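Read through the structures below before going on.
Shared between the two complexes below is subunit A, which has subunit B as its partner in the first and subunit C in the second.
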Partner chain A sequence: MDINNQTVPEDLYYDKNDWWVKLDGELAIIGMTEYGQKNTGDILYLELVEPGYSIQCGEKLGSIESGKWVGNLISPLTGVIEESNYEVEKKPRQVNLDAYGKGWMYKLLLNDPGEVRLLMTAQEYAEWIAEQAKCELEMG
Partner chain B sequence: MDLYNLGSVNWIESQSLYHALALLDREGVIICYPDSPYVCLGLHDDLEHEIDQYFCQEAGIPLLRRETGGGVVYLDRHQVFYQLVLRRDNPLLPLRRQQFYEKLLRPAISLCRSMGVPVELKPPADLAVQGRKCSGNACGDIEGCVAYVGNLLLEFDFLTMSRILRVPDDNFRRHLHLAMRENMTTLADWGKQAVDYYDLASGLIDGFAREIGDLTPCRVDRELKETAEGVGNRLTSPEWLRIPGRRSAQRKVKIAEGIYLAERISSPRETSCVLSKDGTEAEITSANFWDRAVTV
Partner chain C sequence: MALDKIILSARSSGLIPNTVRYLQFSPHCVLVGYHQAVELEVEEEYCREHHIEINRRITGGGNLYWDEGQLGWEIFALKDTPGIPKHLEEMYRLMCESVVAGLKRLGVTARFRPANDIEVDGRKISGTGGTEIGNAFLYQGTLLTDFDVDTMLGCLKLPIKKLEDKQVNSFKQRVVCLKEVLGCLPPMEDIKASLAQGISEVLGISLEPGMLSESEQTAYNQALPAFQSDEWIRGTRILPQENDLCAAEHKTPGGLIRVSLRLDPNRQRIKSAFISGDFFAYPERSILDLEARLKNTSSRPTDVLNNVRKFFSDYKVRIPGVSEDDFYHALYLAIEKGR
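Up next is the complex of A and B:
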């Protein structure tokens, strides 16, 4: 579905840090949403954590730098990093160019696949984007 | 919001205090300047790639890595710093972090204009006078806060800045010095050599009050000082400074927003410099180097 000119694929889960999550059994493929990358701007540098690293939901999962901002990537789920996409680390602009494809960042082996129930569906994320856009407008 | 108008501070404190505010989850505005020169790396800069460490050591210029974005900067007492720390849930902050620069930089813009210097915002985060940069700005998420930091150049030591960076050869260094001189400016260039810190600070404080509301003058309390000491030790520790960062195969130095000086390797024995301005590249030859050098 499209909302405010942002693509929100319906088969994915989402969180408020603008991650998308694609579930494949106990494995989750995760990356930054189109809405997230547009808010971040041109991504100049990405620092991903290595495979084998155990991560809790809400913990730091790497670092990101755009034009004039640096921030942390915050994990949407709990598990062990199965694979880090080092191609996107070499070419971080891939996140801007193909957020749901070549721009994926991690494959995560989940401790509990049921944890995705705490994430948003596409419909809920689309509504959240619309709400954020409204707030931005009100702030001018 | 708390205001810390500190004047001259120790060089480490000129960075560690705003980090400490963020770590303590305290919002505030800091205006200050460092009492001695130092080199400050951005969070993702690579020390080995960026810095001529031998020169810095010989010249007694210390190093610090901040937790905000942007590149390597040379900082000294001829620059006035403004630093704003906001909680990430502060309704003033837009989702697009870069959009906030417009608000952050309004105080510096109005101050410069009141002194007759026609400063303009060059998005996302540079201030420029007739296209030449006079202020550098950066931001970063630190724990539950966002820190926006910037400076106004009263004067700038272009020669030392061109020495602290690791570059391929002396030819590149000469081009770098000239490119900075051509594309950067200072208040002194505009006849404002004798401007007083307290006049500048007062103008900035008035501007910040207009943008973010009432400011309450505060002193650095014990909690803030102790936290800043701990942070300062970390930001200057060899382990923290040596964390690997971004590297490129060919040397490229950002001069200002949209302006880069890059090394071009044509063959193993042939290299040249290319100055790129807003996407337009110009190769620098010996002939046009001297023409430009005479103009500057």
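Up next is the complex of A and C:
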């Protein structure tokens, strides 16, 4: 579906740090949403953690830089990094160009695949984006 | 650098209030941005010979030379502080405008130049950048008060190596310091007080003097060795590149355009640009603005062309005998050399 000119694929899960999550059994493929990359702007640098790294939901999962701002990537789920997309680390612009495709960042082996139930559905994420846009308008 | 992390963490944990901090460096040093690699950004041999220290910031952006002539200013606050925009571009503008207001109190007419600079008549007087931990952010900048340009040119890798003296002099005109603008340097305490007043005025806050808390001091002492280690300073995993400096010339009816670029071929980026020549641009500052517009943008030919055309359209630039496509062509030639 599309909301505020942002694509929100219906077969994915989402969180408020603008991650998308694609579930494949116990494996989750994750990346930044189109809404997230547009808010972030042109991404200059990405630094990803290495495969084998154990991560808890809410912990730092790497860093990202755009417009001289260094931000943290915060994990949407708990598990072990199975694969880091070093192609996107070399060419972070892929996140801007193809957020749901070549711009994926990690494959994560989940401790508990049921954890995705705590994430948002496409419908819920679209509503959340609309809410954010409304808040921004109200703030002027 | 260690204190930046400690104060930001303390703010995020709610241990301290929103904070403004000033900083100066002695001995002088070169600081690279968080994701930059020292070997790509710093003339290390020059630094060794001149006893210039090297470290890495926790914030983004490019390489900087710091001596006592630069005053660093920093704002630590919670992201949801009322009045602070959530969008980075708007937040940059607000933060920079608070410093612009401070400079006005010193008699300097400065303005914010997107994305991150403060300039006086097109010449940069303060560069800025930021980062975040949890729900708190740090936004920081350097204010050039007095400036040793020659040392800066010696210790940083900039897009002007191998250029003629005339072009190097032209490059020096890209930056300006308070001393040059005002004709004399006000006492540092007056500069700090003016900036604090500007920040208070624009952000609608009142500032109270403060010192490091006991817990911050303890955390700082513990963190210092890590921030002095090679692991931190050279810890970035950015891939090395060779010969990322590319120059080209393009002759036009209105004069010769010389372009010197620092490129990041892996990321297809223009890291920085220096444009000179014997043409006449109106408004005069437009070339400086074009350089700022090109910094950290895509080096793909179609993107460069769009960027240059949009710049000429937005700024209503006129250069007799030189078209926007001539500038694109000069940039294209330099980019091609980097492939």
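Heads up, the rule we're going with is that the second predicted complex is superposed on the first by the 140 of 140 C-alpha atoms of A that agree within 3 Å, B and C clash if a C-alpha of one lies under 4 Å from a C-alpha of the other, contacts with A are read in each partner's own complex, and residues count from 1 in each chain.
By our rule, a contact is a pair of C-beta atoms (placed from the backbone, for glycine too) under 8 Å apart; a residue touches a chain by one contact, two chains touch by 3 or more.
None of these values were measured; they are calculated from a predicted model.
*Asks:* Applying the document's definition of touch, where does A:Thr121 land relative to subunit B and subunit C: first, second, both, or neither?
*Replies:* A:Thr121: touches no partner chain.
*Asks:* Looking at A:Arg93 after the superposition, I want to know if it touches subunit B, subunit C, both of them or none. Which is it: first, second, both, neither?
*Replies:* Second partner only.
*Asks:* Is A:Gly41 contacted by the first partner subunit B, the second partner subunit C, both or neither?
*Replies:* both
*Asks:* In the superposed arrangement, does A:Gly71 touch subunit B (first), subunit C (second), both or neither?
*Replies:* A:Gly71: touches subunit B and subunit C.
*Asks:* Classify the contacts of A:Asn17 with the two partner chains as first (subunit B alone), second (subunit C alone), both, or neither.
*Replies:* neither
*Asks:* Residue overlap on subunit A between the subunit B contact set and the subunit C contact set?
*Replies:* 39, 41, 44-45, 47, 63, 65-72, 136, 139
*Asks:* Show me the residue ranges of subunit B that touch subunit A in the complex, using the header's touch definition.
*Replies:* 42-44, 67-70, 91, 94-98, 101, 124-125, 137-141, 245-246
*Asks:* Okay, in this complex, where on subunit A does subunit C touch?
*Replies:* 39, 41-42, 44-45, 47, 63, 65-72, 89-93, 136, 139
*Asks:* Provide the residue numbers of subunit A that touch subunit B in the complex, in ascending order.
*Replies:* On the subunit A side, the touching residues are 39-41, 44-45, 47, 63, 65-72, 132, 136, 139.
*Asks:* Which of the residues in subunit C come into contact with subunit A in the complex?
*Replies:* Touch list, subunit C to subunit A: 33-35, 58-62, 85-89, 92, 115-116, 128-133, 236-239, 266-269, 296-298.
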